[in-house]
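Chain nomenclature is as follows: A, B and C, assigned in order of appearance, with residue numbering initiated at 1 for each chain independently.
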């Protein structure tokens, strides 16, 4: 496949630890995209930044049929498939977080960089 | 109009019975799209799946000016205009629902199928 | 730059006064877009319409690091950069608002006009 043929999708996660039922879907879909050879990224903004704090995703349990998985399971699945994680500065500020509080593998970007990525992506799905 | 000229829009509904004020818009916009000869689909994920449980939409009242309408009214308007309804498996699991609990006219699709549809749509609007 | 080269982005704001932490991002990103010579618009729907009521944004404080800013600050920043504000009729109804209650510089559009704008935009980001 040539570079021109690679599709890209950007997922935006606005939901955080206060709405656990809304946290897993972006990771699940981004992992599915990456498995389809789509370049996938998740941008964490608003309350989404709270999911990136070290130790948080391990404690969030996501119901799946009879059982469940921690959010960290879905997060790791996405990271292992090379889904990129981006966070915006103002949303860190909003929750008194700095990049030092955040798990490995996350890059901080500004609003202009986000807009550029959104324009370049073949689809942007905001949650 | 040839097939190439038909535009398509996908709406994503993440809000459910716990936020009635956020439930009608996707049906309203998808029906408007269908009336414009746009191929329109709604994908129910996260809490959105709860709207599809039989008997639920009839009970959700949506305020409109002085009066109101049940959510079922908006849903039927969309279905009659041939808006497609899709639901994702994990969001059914999340709410202890199966396809047997769900109203007629809904198709269950996986993450990969959703990603494909999102890439192919001319616009994806997530609520 | 010729007209054909101008990119456009549409942001959709579904969050209102009940979720202050989710209100500033669309203004921030739309202002960033406008500063990049992207045509930017914000469409207020669902609870988003509540942010447009006169006197409301002045009272909503948004945390930024040690300090804070009123939401009106972010709103004005966007308006000064010529970001367009659109509101949908049903969401005004939902909150017992009319165009007379709304700040200056907002245009009311219907579902069909929104769909057209979404199809024409280079990216649609819903919050």
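Assume contacts are C-beta pairs under 8 Å (C-beta built on N, C-alpha and C of every residue); 3 or more make two chains touch, one makes a residue touch a chain.
Everything numeric here is computed off the predicted structure, so don't read it as measured data.
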Size of the rotation, in steps of 5 degrees, that lays the CA trace of chain A over chain C: 120
Equivalent interface positions on chain B and chain C, same or different at half: different
Distance from chain C to chain B - Cα centre to Cα centre, in angstrom: 24
Set of chain C residues in contact with two or more other chains: 124, 126
In the complex with chain A, residue positions of chain B that touch it: 12, 14, 45-47, 88, 90-91, 93-94, 110-112, 114-116, 118-119, 121, 124, 126
Residues of chain B touching chain C in the complex: 7, 9, 21-22, 24-25, 28-29, 31-33, 35-36, 38, 62-65, 122-127
